[in-house]
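These notes open a run of structures that come right after.
Both of the next two complexes hold chain A, though its partner changes from chain B to chain C.
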Partner chain A sequence: MIGSKRKGLGVVTTAAIATSALLISAIPAHAEVGVSSSEIKLGITLPLTGPASPGYSKIAPAMKAYFAYVNANGGVNGRKITLVIKDDQYIPQQAINLTNELILKDKVMAMVGALGTANNLAVASKVQIASRGVPSLFVNTGYSGFADKKKFPTTFSLFPSYVMEAKAIATYVKENLPTAKTCVLLQNDDFGADAAAGFKTGGLTFTETIKYVSGTQSSATGQTWVGKFAAAKCEVVVLFGVGSANAIALGVAAAGGYKPQWILGSVGSDVTTIKITLNNPQATALMNGAIGVSWAPDSSDLTDEYVKQFREINTTYNAGAVFDNNVMVGMNEGLLVVQALRAAGSNPTRKSLIAAIEKKGSTFATAGYSTLAYSATSHVGQTGFWFGKYNLAGELKSVDGKYTMYTTDSAAGPVVKAEQKRLPMPAKGLPSNS
Partner chain B sequence: MKNLMSTKNKVIAFLASTSLVTMTMVALPSAAHAADPSCTNLVVITQCVGATSDGAPYVVQVPAKFTGTLFLFSHGYRHFVDIPVGIPLVGGYVITNTPQPAPGRTVAEITQVATSMLGKGYAVAGSGFARQGWNVDSGLKTNVELIAIIKKQFPKVTKVVAWGESLGGFITQALAEKYPTLVDAAAPLCMAAGSVEAALTMAGDALWGLKTFFDPTIVGSNYAAGAAGYAQAMGDIVKVLTVAGTLQAAISANPSAPAWPATSTVPASLKAIPSRSALVLVGVMSGVPTQSAHFDNSTGPGDPTSSAAAASAYVSYAAAISPALGTLENITAAAILGVMATYDVELQSGGTVFDNTKTDYAARLGSDLYTYGSALSGLDAASGMLAYLSPLNPAAPRVVGNPTAIAKMRALMSHTGKINVPTITLAAVADNATPAGHVQWLADRAAEQLTASRAAAKAAFLAGGTYVKPASKLMSIWQKTPTKYSKYTAAGSPDTTPAGANGTGHCNTTPAQNLAIADLAYAAANTGQLVVGGKLLTTLRKAGGLSYDPGFQASLLKFYNKG
Partner chain C sequence: MHSLRRLFLFIFSTLILLALSLKIEELRVYQGAQIAIYALGISSIVLLTGYSGQVSLGNGAFMAIGAYSAALTQIHWHLPLFLTFVIGTLSAALAGAILGGGAARLSGPYLAGATLALAVGLPTLANQFTVLNGETGLDYTAGTPPTWFGESFTLYKWFFWIVLANVMLMMFFLRNITSSRYGRTWKALRGNPVAAQLSGIQVGGSKVLAFTISAGVAGLAGTLLGMIGFVGPTGFQLGLSFALVTGAILSGVTSLAGSMLGAVVLVAIPELATVIAHRLGDTERVTSNLPGLIMSTLLILTVLFTPNGPAEQIRKHKARKQ
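For the complex of A and B:
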């Protein structure tokens, strides 16, 4: 009797499974938005024009150039990558409109490298990329909040956060300039607030803190800042603004003969931006001797295998654009995107793309000198910085020659010094590891 | 700025004077019983007029070639008191209950929509309702009775589509929720949804913000009884318009750092912040859109590619000043409607119905703090302004509601959000009176129901039954704004002469858009299914300016944003 009951249950179960299978097979195979048999379409918003565009405008073309190189070498599982680039002029409201366009009209599979903290926050809130299931990969911002997987489940950070950077700078200053009167320039928004939180956690206090509203930086405001720094007798000034703000501060100070020990944050130390802002090809001389902080090699480091490979691609596929840190960032993001797409399987979907980064992202090759922290519970990318000094040409050179990394988290964790560690550049810059 | 109520006045004036076939005035009945309608055969249509037992006049028009489907229209909010001629924008309004059988911004548009619908074989009908102002309970009763009257007079009516604009959209949803057997499909247009409290909170927050920052003599709530309260409400409209005019002049004179109105009593330290930033704060914390009829909140004057200086000026204007101008253009209309609706509901409820003693305006701001960082003049400025609005600041007293009045307000008809019949909403993403968050609230309820239906269907299947795939009964059609639409004169001044952009203003729909919704509702009523796929997209494309985007989610009203 027991056997027959089991048999009966088996029949019911088999029937139910068969019916379920029928239901499932009746549903047509889902073709993912932005993915066809021959193409994967991706989108990016960033400033191509406007005051924030110098420097940043080079990121998307560099990424596109890297994709062109990959496409010329067979693409990703036979599919070519198309990158649709939209100019948001660094205005959050425009980023909202243009991201909507990319998703609804251009029908991209994913956003890649969208730039700006406020812009990404605005897009997350108003375009609801998370509830739409649209991945936003390797955003060009160090805002620590994007590592909150619960709040931004489809967003992946790449840069170490501004909190991490501020904590690293705090540690460096306390170790190397412990008695100096230290001051800081911050942007009066989420970018600056993130940094301020990091400095506080890192235990660095400032004699003078100046905050500026994004978009108000000018020669006149620069005079005010520098005047305040000088009046406060600041011996060390951390410029944690965007490139145009930092450039103005450097220019005004040089003109007035004010020479503190500058420390330039990673966001605002782009050579191209500083030259264009000051309309002076020799403006890099103003950076000479300044302490700098970076998570990746300097684009001038010809001994670095990533730099060498990206430079080669740049020459052929990016119309020989001047190779700088922004070009390197764009290409590095392209390298990560290709690895993620490969890891997402032969028929990638938005869901499989996100799952792939969570599962395999920590094994992706990156130019950064710290390993990637992606996991099922973490959307954090790089986690550390090295310190160097700028020379007359605006090149950042390691202070210890070893690229000692100051690694930490965006919370209250300690700053730990470690040797730089990373995976080798894939052969010919073409990933086969994912 | 376009004035909704003056448009309606024109409609009413038209209705009162025209002999056009689609409209006829109705004499108010003296008895409390509905008389039989008075019908006239006009060859191509039969027109009936009459009044329901509550005295609400109505009009019904049935074409000779009748499909059997009746469209019952509910008009939007009409002021419940006369407004003196001297008051700008809305002065000269005279209370009326003239019936309106179809949606439209002008008399010509209403006639065009009604005539087109009759030509398609749809019958149209609408009541003027027994009372004006917030009249959901009364309007619902009227509509229920009217459907019975029409069905008795026209036995060929086999399907009923309920539709309505703004407050009429609220009545439409209420009708479909409470009396699902009376309607076969519903189409709330530019609707208010949820509750009167949700709708009034936006007005209350905006009025309180304007009062606190710019003119403490604005009353805003707790209007006095009788003639004194009426005078306060009328005075508030004038004061709000004066504040808006002063701010507009200040921004024109000095867009970067406009002065504060002389009526403002905020301390000098706060006045160091541009007044436009305080205006934007009031707007975003209340939920007033920053995109308006003429300001897209993201572009500026000039050619940003001409020089570095031009680029800098353009971006600064786009990020910081355009949102202020958009807020200004929107908040005026929202505040006028807010004054009148607050005054109205207070009278109905017997006391102050707005209460912000526990409102966390920083939470209300939410991510808008970052989106509009430049417009707010940075985090520190925003923090300073929010600190001034703190409940701990005696200079910014909060409004204390009357618990009995609030309870009475909450007893007014609210929505449950249940979608009983195929329902098609039409809403603008930047509606300044009933923001898109109203529809989003309804869409969220529909999504919850769909999830529950799916779970039930799965359970039924696993229990051995047949699997029936549940489908959503709600479809949200959106009027989306163009990416860029601000216009500037050669001198770089804002040009507000073009027609308002698609997706902005209140009930700023074209006849083609309204007719497209009517066609979709007709199909839904007759098939029990929402139109999907190519037919849907073709209908929307032909109408222009409409989009169906199941992934789109508007921000909820700030009322729901508890932080």
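For the complex of A and C:
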């Protein structure tokens, strides 16, 4: 009886002590979270380790390198930018925990470039960054849902959406390969659903549609896909999967002598990922002749002023990282963040940062070949793609030499072809806007 | 009288913790909710292994069943939150009863293997049925706190209050059932199944009952975890089942009170790892692998030096002194 009482007390006491064991004293409040007289603190979550990390893991260090370059040149209105990087391993629950840490413990002013559709959705729902007023700038996903400003009022997209991309591809195929038997590989989630919606709106129908479950891509599943494509006699195959899935399809098809006209989606055409997945430094040869789609210049294009400037910064500030599209994306996001912070005033706040992008975001310099669509009613960034062909080295070269842009929206709007147009790179890559 | 005293103590400590949550910073409140949920998950293992002597490496799967059931009923039937907790608990309990029927015929490594297969296989189902929304998962939400709590009553305090109320209620139930004749029956089973059967105990029925209740408890833990976190396949991976078993071993598999300690360790390890990794130069490889290393080391040390867990060791030490 006595033992029982003690046990009961033990449960309750231990519960009280244990649950409160981590409850440590509060940190004093700041005038604006993450902003001091000498520093602006920002945070990012993305996979640095795990199966999704090849390629993506280079984005945050590249952004940090760009910030280091800006800091070395006076910072933003005298403040240095600090980027706190957290490895979420592409797991949404980890993204929730780490975003919590960034906002509540590291006290960042804003999230920048958080990666992954599922992760960003989970964070929006459970960390509720919107109701906390925390800006989430230039998220690394093309999911069209983030354009819903009412649902995600503090989130800003950068990439054109997967819907836009699919609509652009549909238009290109109908124009250039109108009689070909066309097939598609899609991922069986929001990424693939977005693309499927775009192809449908764009009026492109497929002879064979293969949907794979994320994480199941392997040589064995690749054999099944390619077998089905070959059996359906597909002449054009759109690979709209992630890099590892596309790489497997290319590798298996090459081994089996199957040679359709490949069209690679922008997500799954990363050279680094394809090389790592196939464990073959020469794997870019498999991309030779494939049609590619991109919203920004190819990272190998040394004539492009953005690429040139970012390469210079990369050499000095990014610890010898190989310059590729991921590095360019990271640096371009850094460039946009700096412009947003400058536009937010000499004493930026979370509110003024969001207001600045809504008001002046469309005038920010970006490596993308379409102008940014930010406004008081739109949190959508780039809106167009150009088409090119890959060479033996995995470099994407414009099919018409003019980088003609296929611009559209994520709804039922038409695909409009236009000349590429963008603002020049700020002098020495250092924005001077206000 | 005894039950009343216990009830009073549970209510009192719940109120203390609720009040405490109003005074501390938000991240700690969120972690407090995680600790409470893990404690409940570990308790489901303690009940099954520590009391009835059955081994489960798959309680993470029951957590997933609870979370998905709750989320689906909220999304499609718009059930009130508290009813989704009931659905989550009962769905997992039902799954536990079905599996328990088979489990009653298995023991030792065979049972461990069967439950392990469940933990490995179940999350992949999310990618096979569109209603489960693949890797993106389901949005299961507790909504916003009632406005009459005031502006200072944040979302995470709301999470913590809901979680704590549910966890304490379930813990009270567990504490009572383990000290009832059912608890004694399970202990007899664990000690010697043959002797228990000779004493008139229905071995199969008792085992199934323990499995059912354990699954139901795990289901509620999963429902709560989904509410504050992510309802998707990566939220209930094999690692979660292993973490629960590790927490149970660290806390002593026979002690419900110890489950709290195990839960604190599970939540504290990533923080500890971050501090150590920072001192070691903060490379991604160190930061990502250190939690696993610390957990494994603790597990080995516990099995070597305090096989019944530190809580049980302390209790024995005190008993010897008296």
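The criterion applied here is as follows: the second predicted complex is superposed on the first by the 404 of 434 C-alpha atoms of A that agree within 3 Å, B and C clash if a C-alpha of one lies under 4 Å from a C-alpha of the other, contacts with A are read in each partner's own complex, and residues count from 1 in each chain.
Here is the rule we go by: a contact is a pair of C-beta atoms (placed from the backbone, for glycine too) under 8 Å apart; a residue touches a chain by one contact, two chains touch by 3 or more.
Small disclaimer: the values here were computed from a predicted structure and weren't measured.
Looking at the shared chain after the overlay, A:Ser125 reaches both chain B and chain C.
In the superposition on chain A, A:Asn288 contacts neither chain B nor chain C. Once the two complexes are laid over each other on the shared chain, residue contacts for A:Asp190 go to chain B and to chain C alike. In the overlay built on the shared chain, the residue A:Ser214 is in contact with chain B and with chain C. Once the two complexes are laid over each other on the shared chain, residue contacts for A:Ala52 go to chain B alone; chain C is not touched. In the superposition on chain A, the residues of chain A touched by chain B in one structure and by chain C in the other are 12, 16, 19, 23, 49-50, 89, 91-93, 96-97, 100-101, 104, 117-118, 121-122, 125-126, 128, 131, 188-190, 213-216. Residues 290, 296-299, 304-305, 308, 311-312, 314-316, 318-320, 322-323, 366-368, 370-374, 377-381, 461-462, 464, 467, 480, 483-484, 547, 549, 551-553, 555 of chain B are the ones that touch chain A when the two sit in their complex.
Contact residues on chain C toward chain A in their complex (touch as defined above): 2, 5-6, 9-10, 12-13, 16-17, 20, 24-32, 35-36, 39, 124, 127-128, 133-137, 139, 141, 144, 155, 164, 168, 171, 175, 179, 228-230, 232, 234-235, 256-258, 260-261, 263-264, 267-268, 270-271, 284-285, 287-288, 311, 315. On the side of chain A, the complex with chain B involves touching residues 12, 16, 19, 23, 49-53, 89-94, 96-98, 100-101, 103-104, 117-118, 121-122, 124-126, 128, 131-132, 188-190, 192-193, 211-216, 218, 279.
Residue ranges on chain A touching chain C, taken from their complex, read 1, 4-5, 7-27, 48-50, 57, 87, 89, 91-93, 96-97, 100-101, 104-105, 117-118, 121-122, 125-126, 128, 131, 188-190, 213-216.
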